[in-house]
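Next up: some structures, all given as structure tokens.
Next, two complexes with subunit A in common: one pairs it with subunit B, the other with subunit C.
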Partner chain A sequence: MKEGLRKLLLGLAVDAIRRPAPKPLRPGERERIVPDGPPEPRGELLALALLGFGTVCAIAFVAVYVTDRIPNQTQFLGLSLGLALTSFAAALIVTAKKLIVTEELEEDYPAEEHPEEQQLVVQTVHDSGSRLTRRTLFKLGLGTAGGALGVALLTPLASLGPVIDMDPFYGTPWKGGRRLVDENGRPWRAGDIEEKDFYTAFPEGADREQLGSAVVVIRLAASDFKLPKEIAAYPAHGIAAFSKICTHAGCAISLYRTPLFPPYDPAPALVCPCHYSTFDPATGGTVTFGPAGRKLPMLPLYVDGKGHLRAAGNFDEPVGPSWWGVRLRKPSP
Partner chain B sequence: MSRLLLVTVLALALAGGAGAQGPAGDAKRGSELYGRYCYACHGPNGEGRTHVTIGAAPLRTQAQQKGMGPSLQGVGALAADFYLETGYMPLPKIGIQPRRSRVVLTSGEIASLTAYVASLGKGPPVPTPHPSRGNLALGFHSFSDHCAGCHQIVAEGGYVTGALPPALEDASAVQIAEAVRIGPFVMPRFSEQAISNHELDSIIAYVQYAKHPDDRGGWALGHLGPVPEGLVTWFVGAAACLGFCVVIGQRLRKS
Partner chain C sequence: MIRKLVRFLDQRTGTAPIARKTLRYLFPDHWSFLLGEVALYCFIVLVVTGTYLALFYTDSTADVVYHGSYVPLQGQHMTEAYRSVLDISFKVKAGLLIRQTHHWAADVFVAAIFLHLLRIFFTGAYRKPREVTYWLGVTILTVTLLEGYLGYSLADDLLSGMGLAIGNAVALSIPFVGANLGALIWGGPFPGTHAFFARMYIAHVFLIPALIAVLLTAHLVLVALKHHTQFKKSPRETERKIVGVPTFPGQTPRSLGLMLGVAGILVLLGGLVQINPIWEWGPFHTYVSTNGAQPDWYLGWLIGALRLMPSWDWTVGDYTLVPNPFWGGALFPMIVFAFLYLWPWLERKLTGDHAFHNLADRPRDAPLRTAVGFGVFTWVMLIFMAGASDRVFVFLGIGYQTQIWFYRVAIFTLPFLAAYVAYRVCVELEAGERVEHDVEAATREAKTERLLRPEEEPL
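Then we have the complex of A and B:
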């Protein structure tokens, strides 16, 4: 039994690697289309070797993936799969270049087959229009209809952003009396806000994902503020709130510069980490450095009877990155 | 009886000695060191010097310097330990950002100076953080919230206008805990309400992890993110592809 199995396996192996002699053409069989080429045993061997290497690499990928304990796992995964694909590609290239018989065929551009009939079609088209008396007007009508259809197809582009109706740009969830809450929904107390620290606040009970929602809250000594008259009353007990969205490209203002030793250290500033637009909170968020084109919107605040911080209205400036016409009007209070 | 007494006294003395080792320094020696290294800027008794008249002599123009050093009264052992252990102080020049540098004082001298500064006013002691109690995921979240804007997401350091937030690769757990509470130079100060002690432990755990992060992708490129990665893609990857195309094209032209 064992002997028989060995013989079978040996036979299969010999059958796999032997070179069978070409069979002679039997009568009635078709002639070759592609010319016969000489055999290329070295090319064959090379292609086989490449395929074998690719197989080993692919198996190695599986092994590395299953083991999941090798240092630099990801790198070995990439290496084995990359080598497998490369050697497979190389094997295909060798096969195409050396083993497949190739020939070049050139075909001339065919001559016009039916010149009379083509002429006939041209004349038919020309003659078919003979009933039209107002040709120019008709062309105009066709052009207009086509143009209108084009406009209709382009109209959905308007969904990319408002062109005429800018109101959504000015709207924010802030209005008079709305409490400032932290990310867990707890209302901020005026006593929680310390100098030289900064806090993020959201409008209570409103959508936090809206551009105008997030504000950064800071505290300065009341004497440090040098605010213009219109916004002089915006801070409450030295606490000031600004939109967290930079007016340049809309990144979040996540840097607060606070001097430890004011005579030498740079002055307090809110800084955007994207392009280093720097805003001075003491003057109401004016730009002191960087690409931002306009001041940071400031939110008027007051402290209610329970010591909670509340908005006294809307921002003094439109929130978010600037757009055409941003200076045309202020957000509605 | 007397032998028992002797043993008790000895044991007490040993216990006292064991308790004294560590940061407890000699405030008197500290005051001498203060006179040598700190007095010129921070003034007598750590009062600080905010307005100094210089050149006040006959026939010389008088000038007001706007300030030299802040007051140290009430900053506590916490601040002194931070500034001395990191080499931030003594500052080589007035008015520059303190940077991590060679520590000139011995640890005994630092302990003495710290004890002296702590004796100037009521202030916070040197903290003892427990990063092992922290939660790495929470630390990552808090770090990205409060710190990454300036210090970069794996604490490689960065830029703000007017200052250079340092990389945190050399920062010890205690130093991180101290810096968060002080807010050195232009860094904000975080109270226990803004960053709780547990959150702080987690942040420290994250910063320590970020010193050797798990680089799944292999070549970390300094952990600087998409800009160097894009540069490698364009100037190495794309250049290699182009070169390959040129080679193929030349061989085709020859044949």
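Then we have the complex of A and C:
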């Protein structure tokens, strides 16, 4: 019994491994399409070994997946699946290079053109329209109707957003008397604001994600300001606030360059880290370097009886990136 | 077995003649012909991994508080979208592997298309009768850039939000209609309404992939109809005769091997090489940004162009005709793509060559094309490098403003120098080949003469 099983297994294994002898060409058999080549037993074994390794890796992937939360699981998953795929790929490349006859055949490129067929197409179209008498008018009618239908079909797209009403682009939550609060909603005091540092403030109780909300607050020596007349009164006790949104591409201005070492950092500057637009707070936020095309909007401030910072009105310029109408209006006070 | 299958299919579909022809369709052989194939396989990996990710992603911007396993973000407010991507990374088993593989596949996809484009351009493979194939390919590239940008934006981490802010500013900067267009897409001023993420999501997972699939199919059908170009490797290859390996058995295991190899390498990258660790950037808020932010590599040329542009809005009175981001973010890529679309026509005008071409040139065979192409390439590469000047400042200490001024001058001078050098190199290489050819011919002739008159053979 045992002997018989062993013989059967051995026989199966031999059958699986050995190559069947090539059959002799029988009389009347067709000529080959793909030419024959010599056998490559080593290439076959290599391809099989690669497929075997790929199988092991694929099983390993399943095992790693099932194992609950081993350290570096992502790495092991990637390694096992990646190796499974690449060894399968390698087996196929070995097949292509060693086990298959590489034929280099030639044939004609397709015809450059088919003048006869072209003629028939043109004629078919031409003949089909012979019953029409007012051709130009008919084409005009088709064009007009098609255009009108196209416009009609596109009209619902206007529901996507406010197309004509540009008011939201000018709006900000700031108005005279509104307190400046920090990220946790605590009001900023004038005494909190120190030179060579910068702070983010929001209008009390407003939506912070709105572009017109966030401001950066800095303090300069009062004598450092060189502001034009219109905004000369905007700072309060040397404290100035600017929109935090860069007028170039709308990123948050999160760099403050202070002159720690004057030859290297010539003057205090607010810098946007996206495209390095650089604004001078001393002159009211004018652009000193980089691509921004407009000055940084400045917010007028005052300090109330309790020492809290409050807005004295709205920004002097529209907030955020520019568009065609950006210079037509100022934010409403 | 195979006989039965073929019979079954032929009786039901009548496709045996087509199948027979397809099996013996010829592929000319050259390593550079595989670049487009690599791109195709990346697309397949993207569709498979992307579908998996879509099963877990939430496109909602509703405010939630994070209570997941990543400790540094616990208790933070964020959008549901960002939380779902964090959960894909930390909670979904194999989620991080698939997400990183998807991201790597996107980066390699664009790289493969770009290299494929360079190959097509510098070998003149876009010439008649393959202009439409080429235009379809260039269109796939433009659409792919948008697709990659949207995918990067959907994660809603800090970097993707900053990218969206910049995209919004570029949309707003379009003359006459920018703000209206921006309001349509975002549903209002940035950061837009809740509907915006749903719009981005359907575009990223359905509209644009479907468009790419259609363009890709048309591209491949045209390649098959007109057959592939070939290099002249021997006297056998001519404008009328194609020499190549048949689909079956020669090409099939190679192509399948390449497909599995590309997929395998992308999975290895996805598992072993970290990409875009969104948990480190944190959630996006309009009032937060980070220094040293860089987009995926294929948008580097646009950030470079945005940074190089000096402070200038074109205004007429109080009317802003062209806001600044338009120059670098919209006009610059439009010029580059207009060049790519128009080049086949432009070259025909310049050279008067209206002939059919099935043989691909070597770059030296067409010095004018190589010079123009290399000049434009240098121009785009310089602007691309300008986008990395903040990193160069951090690593090498060269002043940022110094670098920007260097690039502002270089982009108008170096491309011409590069074009001139490329032209000279082509001409010299060709001349060298001619001399070699003449020497060979003379030697052959001399030998023949000696054979005829052996008595003159010197001792």
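Note that in this section the second predicted complex is superposed on the first by the 193 of 333 C-alpha atoms of A that agree within 3 Å, B and C clash if a C-alpha of one lies under 4 Å from a C-alpha of the other, contacts with A are read in each partner's own complex, and residues count from 1 in each chain.
Basically, contacts are C-beta pairs under 8 Å (C-beta built on N, C-alpha and C of every residue); 3 or more make two chains touch, one makes a residue touch a chain.
This is a predicted model, so every value here is computed, not measured.
J.: Among the partners subunit B and subunit C, which is in contact with a greater number of residues of subunit A?
T.: Between subunit B and subunit C, the winner on subunit A residue contacts is C.
J.: Once chain A of both complexes is superposed, is A:S254 in touch with subunit B (first), subunit C (second), both, or neither?
T.: So A:S254 meets both subunit B and subunit C here.
J.: Touching A:S213, do we find subunit B (first), subunit C (second), both, or neither?
T.: second
J.: Considering only the touch criterion stated at the top, classify A:T74 as touching first (subunit B), second (subunit C), both, or neither.
T.: both
J.: Considering only the touch criterion stated at the top, classify A:T283 as touching first (subunit B), second (subunit C), both, or neither.
T.: So A:T283 meets neither subunit B nor subunit C here.
J.: Could you look at A:K196 and tell me whether it touches subunit B, subunit C, both or neither (first, second, both, neither)?
T.: A:K196: touches subunit B, not subunit C.
J.: Report for A:P273: first if it touches subunit B alone, second if subunit C alone, otherwise both or neither.
T.: Touch partners of A:P273: subunit B and subunit C.
J.: Subunit A residues touched by both subunit B and subunit C?
T.: 74-75, 78, 254-255, 273, 276, 289-290
J.: Over in the complex, which subunit C residues touch subunit A? Could you list them?
T.: Touching subunit A: residues 24, 26, 29, 93-94, 96-97, 100-101, 129, 162, 165-166, 168-170, 172-173, 175-180, 182-191, 193, 195, 199, 225-227, 236, 239-246, 249-250, 253-254, 256-261, 263-272, 285-293, 303, 306-313, 315, 318-321, 323-325, 328-329, 356, 358, 390, 400-401, 404 of subunit C.
J.: Would you mind writing out the residues of subunit A in touch with subunit C in their complex?
T.: 34, 65, 73-79, 81-93, 95-96, 100-110, 112, 157-158, 160-164, 166, 168-169, 200, 202, 208-211, 213-214, 244-245, 248-255, 272-277, 287, 289-294, 320-328
J.: Can you list the subunit A residues touching subunit B in their complex?
T.: Of all residues in subunit A, those touching subunit B are 72, 74-75, 78, 192, 194, 196-199, 254-261, 263-266, 269, 271, 273, 276, 278, 289-290.
J.: Considering only the defined contacts, which subunit B positions touch subunit A in the complex?
T.: Those residues of subunit B that touch subunit A are 50, 66-67, 69-70, 94-96, 148-150, 158-163, 182-191, 193-194, 216-218.
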